[in-house]
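Submitted below is the structure of interest, expressed as structure tokens.
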Amino acid sequence: MRWWLPDAGSTFAGPIDALFLAILIITGIALVVVEVGLVTFVIKYRARPGRKAFYTHGSTRAEVIWTAIPAVTMVALGLISNHYWVLIKDKKSIPPNAYHLGIHAKQFEWQVTYPGPDEKLGTSDDFTVRNQLHVIVNQPTAVDLTAEDVIHSFFVPEWRLKQDAVPGMHIMAWFQPTKTGEYEIGCAELCGMGHYRMRARVFVHTPEDYKAWIAQQAAGGSE
Amino acid sequence: MQTQTMTDAMRPPFPAETGAGVYSNKLGMWVFLASDVMFFTALIGSYIVLRFGMSSPWAQPGAVLNVPLTGLNTFLLICSSVSMVKAYAAIADGKKYFLRKVPGKTLQDGGLKFWMLITIICGAGFVGVQMVEYIKLVGHGFTPAGFREGSLLAEHALADPVKYGAGAAGMYGSTFFTMTGFHGFHVTCGVISMLYLYFTKVLPEKYSAQDYRGIEVIGLYWHFVDLVWIILFTIVYLI
Amino acid sequence: MTAVAHKSTSSHHEPMSFWRKYIFSTDHKIIGIQFLFVSLFFLLIGGLLAMQIRWQLGFPNTPMPGGKILPETMTNNGVILPEYYIQLVTMHGTFMVFFAIMPLLVGVYANFLIPLKLGGHDMAFPRINMWSFWLAVLAGLIMLSGFFMPDGAPRAGWTMYAPLSARPDLSGATISQKLWSISIVVLGLSSVMGSVNYITTVINHRAPGMTWFRMPLSVWALFITAILAVLALPVLQGAAILLLFDQTIGTHFFDPGAGGQALLWQHLFWFFGHPEVYILILPAMGMVSDIIANGSRKPIFGYHSMVFAIIGIAFLGWIVWGHHMFMSGMNPTLGSTFMVSTLLIAVPSAIKVFNWLGTMWRGNLRFHVPMLNALGFVSMFTIGGLSGIFMAATPVDIPLHDTQFIVAHLHYVLFGGSLFALFAAIPYWYPKMFGRMMSERIGKVHFVLTFIFYNMTFFPMHIIGMGGQMRRIYDPTIYDFLKPQQPLNVFISYSAFALFAVQFLFAFNFLWSLKFGKKAPMNPWEDNGLEWSLPNPAPHGNWAPNTPNVYRGPYEFSSPEAGDKDYLPQTLKLPTDRDPVPVPLPAGGH
Amino acid sequence: MKVRIFSVVGGMLLLTACSKGNQSSGAPAAAAPPAAAPAAPAANSAAGGTITGKIKFTGTAPRNKAIDMSEEATCKAKYKTPPTEETVVSGPANALANVFVYVKAGVPAGQKFTAPTTAVVLDQNGCRYHPHVLGIMVGQPLEILNTDPLLHNIKAVAKSNRPFNVSQPSAGMKTTRTFTAPEVMVNLECNVHSWMHAYAGVRPDPFFAVSKDDGSFTISGLPPGTYTIEAWHEKFGTQTATVTIAGTESKTQNFTFAAR
């Protein structure tokens, strides 16, 4: 039983989890303030014979305070978040040395296109493997997301990575795995009756293993 | 919906806070028009997004659509707007009659009955012409799905893809028929409401210089529909 | 004019046939009650669908009790099929949003309260009002009929994302997808008619002395809501029509193959959809404000800032729709802008929450059932609002988007918010509707149990959402990273069943009190509102032919002027008060 | 190459052995009869003529595409040798299996045949359809069975018939469908496993058969007359021949496809 976000598997996990924690603390404080206030008032000011409520229409000071505090917090939060948002989603932040893959989503499978030994997409030695994403650890990787029929969403929880694949669009998403091992890809956008079954495996290899795998695939292993 | 608004036209406003300073039917119509604006915004907005998000060019103006005929139709609709104003002016001066001789004038002076009739005829005429246009377009092979296989237009498009916007034909048809169709629907609703008013209120001379709210309210709607058409005509036919 | 006026108003009192009085009634109160029954029915349907969803998520691949009675296109000897599961999530969302919560808040209370609280005889356009109700019923029936189509109900989620919704060969539902679009167009028409009515009535049909800033917050909220509806629903209608044309006459709006754009649907839908979210919460906030002021026997704290908060939320509601599309491939720069505007909504929301607390502060709290549920609303809405901040911060949204976390969030706002507000509002105005009180004892039991099971149901969803469980998946157990948290899913399911069972207490209380509830006194809650100056239930035509005079705001509780009483009705004329001058509306076309 | 194909067939037979409960419909070899068998009794009782034949192909059959089943452990486990698709299943001496042979024309138009009530079974086992090609009469029940403990959805891509798309998330699920109009062929596919394909020949009469592994087929119960026989193969296309039947004689009609 897990009570927290999945284990960190990519460079995004650090900032995102930290931000998550920060928001959890901020909202936690707000929640405690409100709920405790509510409960105390409920007990303290419950109706008793002879009591009469204090007649007031409010106080501008109070209004200003509880307008300003949230406003400031939110703007600050917005600025911090935006920094990481740009880092993760903006096309310009894709590292130049990124290794490029193509992922084509269709009902209900993920088709991953690999550049083959020449490490270039769109060449004759490209090959496509179904429902298997093989990547290199600590290697920035950029995927070109496309969709065949309907909208799908490419989701790897451990990488804190989610990006819709939209028919008629080429969407770039990048990530940098930090741990070798096996993960799962899920589809996070309802895409039909097989939506829940649109599952694929992610294999994060050491560079050597990856080379070996590519070679074996290129040698017609996929046949 | 229109007819409903109209049937409430005679319900009197009872004492209330100053509010908007206009009687409820007019206010209600304004609010409804605001929502109708949003409706057409959705359609026109989608049209702009789709047209300019498209890689292949749209058909050139007049290549597929019959601009002169529609121009004539536009003129017809504008005339109906003018006659609507005349009708409004007429009843504001209490002229309930159809035509009346005015000493010293060659032309007879038109009253509410006359100008409303003109408006209805122009409106109906507009719808009629639009139907004819649709029939002809579909005949040539222009459908909401694009150019029909093996139709006249499909051949033209093969011969001159740029002029006929072969690549964008599907979207062209989709947007054209949806937008003009819904405008036509609005005009039809207006004409029906006006006919209803004509027989229930205008002919029985229910309107007077003191109370002619029904005319003003339908007038608002009518001018709005006219305005929308001017926009549609510009962006769909001319650009 | 006035002559006509008296004729028509007096006509209110002529005895009418049952048919005219209760079925095709033009009386705003009857229409409100009609809406109440119809939307409670749809609420029940939505609940039943939810139970089936919970069964599947808790106990995948085990035959559902009574599942065998469903046709083999939905279940296979009792086991829910994936295609049926998708229908369930789709229709649960659709019914709850469009046919339960929205009509319950707007259809029922805008109709019932606006004229009563403003001192009007009826809506500005009673006939249009009637039409708006019957169109809503028609829309509901069209939507419901989807289940009886050969290939079942719509299957593209309540958000109907194209192209899935536009392509029957991909969704697997041919007829019912079209029915969805048609139903939404009809519903949109109904809502627009209704809202035109509410807006006009609020502006023009206020009793003398009922100035803008003497209007109760419930009316303010309903007024702003109506403005949102009148501007938002046409957009949805437009979108639904484009979708319908794609499905029927072969247009290509959402078909990327022919230059259409899949994202266009999302932009149109959420441009409507986010104001819709506030359509679903603002009236709740308004009514809760009234009830909390009444329960605390204190004027609402910061009335004006409450009003401006409502307006602020409504305004911001128009510029945040993109936060539903952070992962959709929309330009990230747009994402940043939408994030900021979204986070700013926290401000007016916070203002409201703190003002409710301020209202309770040094009050003299009476814990009648409406007050209890209103307090439930405040505490639950707070959680819902705060959990929204996680998704508003775009980077944090990445792992949470389209997971159970968002499901938890929206249920904290829609159930913990809107529905608790309704559990407060229904018993509060019940006497005004039916002349009897709902049972306080049952009401209190219902509140406590609902509050407990509600939190047991929806709070754990945050956790499985953090764990990464996607929305609308039929069987989480096939994923290695979701298997470990399955026990929590089972727990949620059991709590959900309990929560559903508890609601029958409410249903019983509601129906039983219709006949056996204790007769309501003139002003059961000792409230200041205009409506309580009328007998229970209020007669057709309300105060007609005359109109009440309003001398003060709606929240003058415990005012020193009130003497020994702790409330001061808006219509009560004190020696110090002067009569407001009625301003007759301009006649004719000028 | 041959060896490979043999091994495939071997694998399938073996697969029949290990798949519990439905031996009868385990492998295509065994599955062909249930498809054709119900046809015989349905034919008009007067035992008419019979057409038998063998189907061969010339040239070398293309290599069937291998299926990477690693994602479906339970399916993979059912195979000793790596499973392949069943585009071309050939027996000894270039015998061609999975060819749908039917009477295309010649059956009197007015003549009506009652569809047998016995269902044709389409089994999803080891993430493949068994049989791969089947014949069925209009109105005859098609029982779709899932032997795999995982989701299959069966999407029927049809023109004259109403397309359907059913899913079976767990083992042992049965769904029955019938076809309303003759159609050669209705394609059946699974969107979860894109390699899964099956073909159903829907006929108004019982005069059809699917060639076995040895390439043989038998159409019986034919009333006297002249018939156009068509043989359909998913990869090699179609071939037609004309056969005249007098009385209860038995004619032989072989087909030879060119591999491509």
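The chains carry the letters A, B, C and D, assigned in the order they are written, with residues numbered from 1 in each.
The rule we apply is simple: a residue touches a chain if its C-beta (ideal position, glycine included) is under 8 Å from a C-beta of that chain, and two chains touch if they have at least 3 such contacts.
What you are looking at is a predicted structure, and each value in this text was computed from that prediction instead of being measured.
**Q** Of the pairs C-D and B-C, which shows more C-beta pairs in contact?
**A** Answer to which pair has more contacts is B-C.
**Q** Could you tell me the distance, in whole angstrom, between the mean C-alpha positions of subunit C and subunit D?
**A** A distance of 56 Å separates the two centres.
**Q** Starting from the mean Cα coordinates of subunit A and subunit B, work out the distance between those two points in Å.
**A** Going by mean C-alpha positions, subunit A sits 49 Å from subunit B.
**Q** With chain centres taken as the means of their Cα atoms, state the distance from subunit B to subunit D in Å.
**A** 61
**Q** Approximately how many whole Å separate the CA-defined centres of subunit B and subunit C?
**A** Chain centres of subunit B and subunit C, defined by C-alpha means, are spaced 35 Å apart.
**Q** Could you check subunit A for residues that touch two or more other chains and list them?
**A** Residue numbers touching two or more other chains: 107, 192-194, 197, 199.
**Q** When you check subunit C against every other chain, which residues touch at least two of them?
**A** If we look for residues of subunit C contacting two or more partner chains, we find 81-83, 172, 260-261, 474-475, 478.
**Q** What topology does the chain touch graph have (line, ring, star, complete, other)?
**A** other
**Q** Residues of subunit C touching subunit D in their complex?
**A** For this pair, the touching residues of subunit C are 61, 72-73, 76-77, 79, 81-83, 169, 172, 474-475, 478.
**Q** Can you name the residues of subunit D that touch subunit C in the complex?
**A** For subunit D paired with subunit C, touching residues are 150-151, 153, 163, 165-170, 173-175.
**Q** Of all residues in subunit A, which touch subunit D in the complex?
**A** By the definition above, subunit A touches subunit D via 107-109, 129-132, 192-194, 197, 199-201, 222-223.
**Q** For the complex, which residues does subunit C have touching subunit B?
**A** 1-2, 4-5, 8-9, 120-121, 124-128, 131, 189, 192-193, 195-197, 199-201, 203-211, 230-235, 237-239, 241-242, 245, 249-253, 255, 258-261, 264, 267-268, 547, 582-589
**Q** Inside the complex, what are the residues of subunit C that reach subunit A?
**A** These residues of subunit C touch subunit A: 81-83, 86, 89, 155-157, 161, 163-164, 167, 170-172, 256-257, 260-263, 296-303, 305, 327-329, 332-333, 335-336, 339-340, 343-344, 346-347, 350-351, 353-355, 357-358, 360-367, 375, 378-379, 382-383, 386-387, 389-390, 393-396, 398-399, 401-403, 463, 466-468, 470-476, 478-481, 484-485, 487-488, 557-560, 566.
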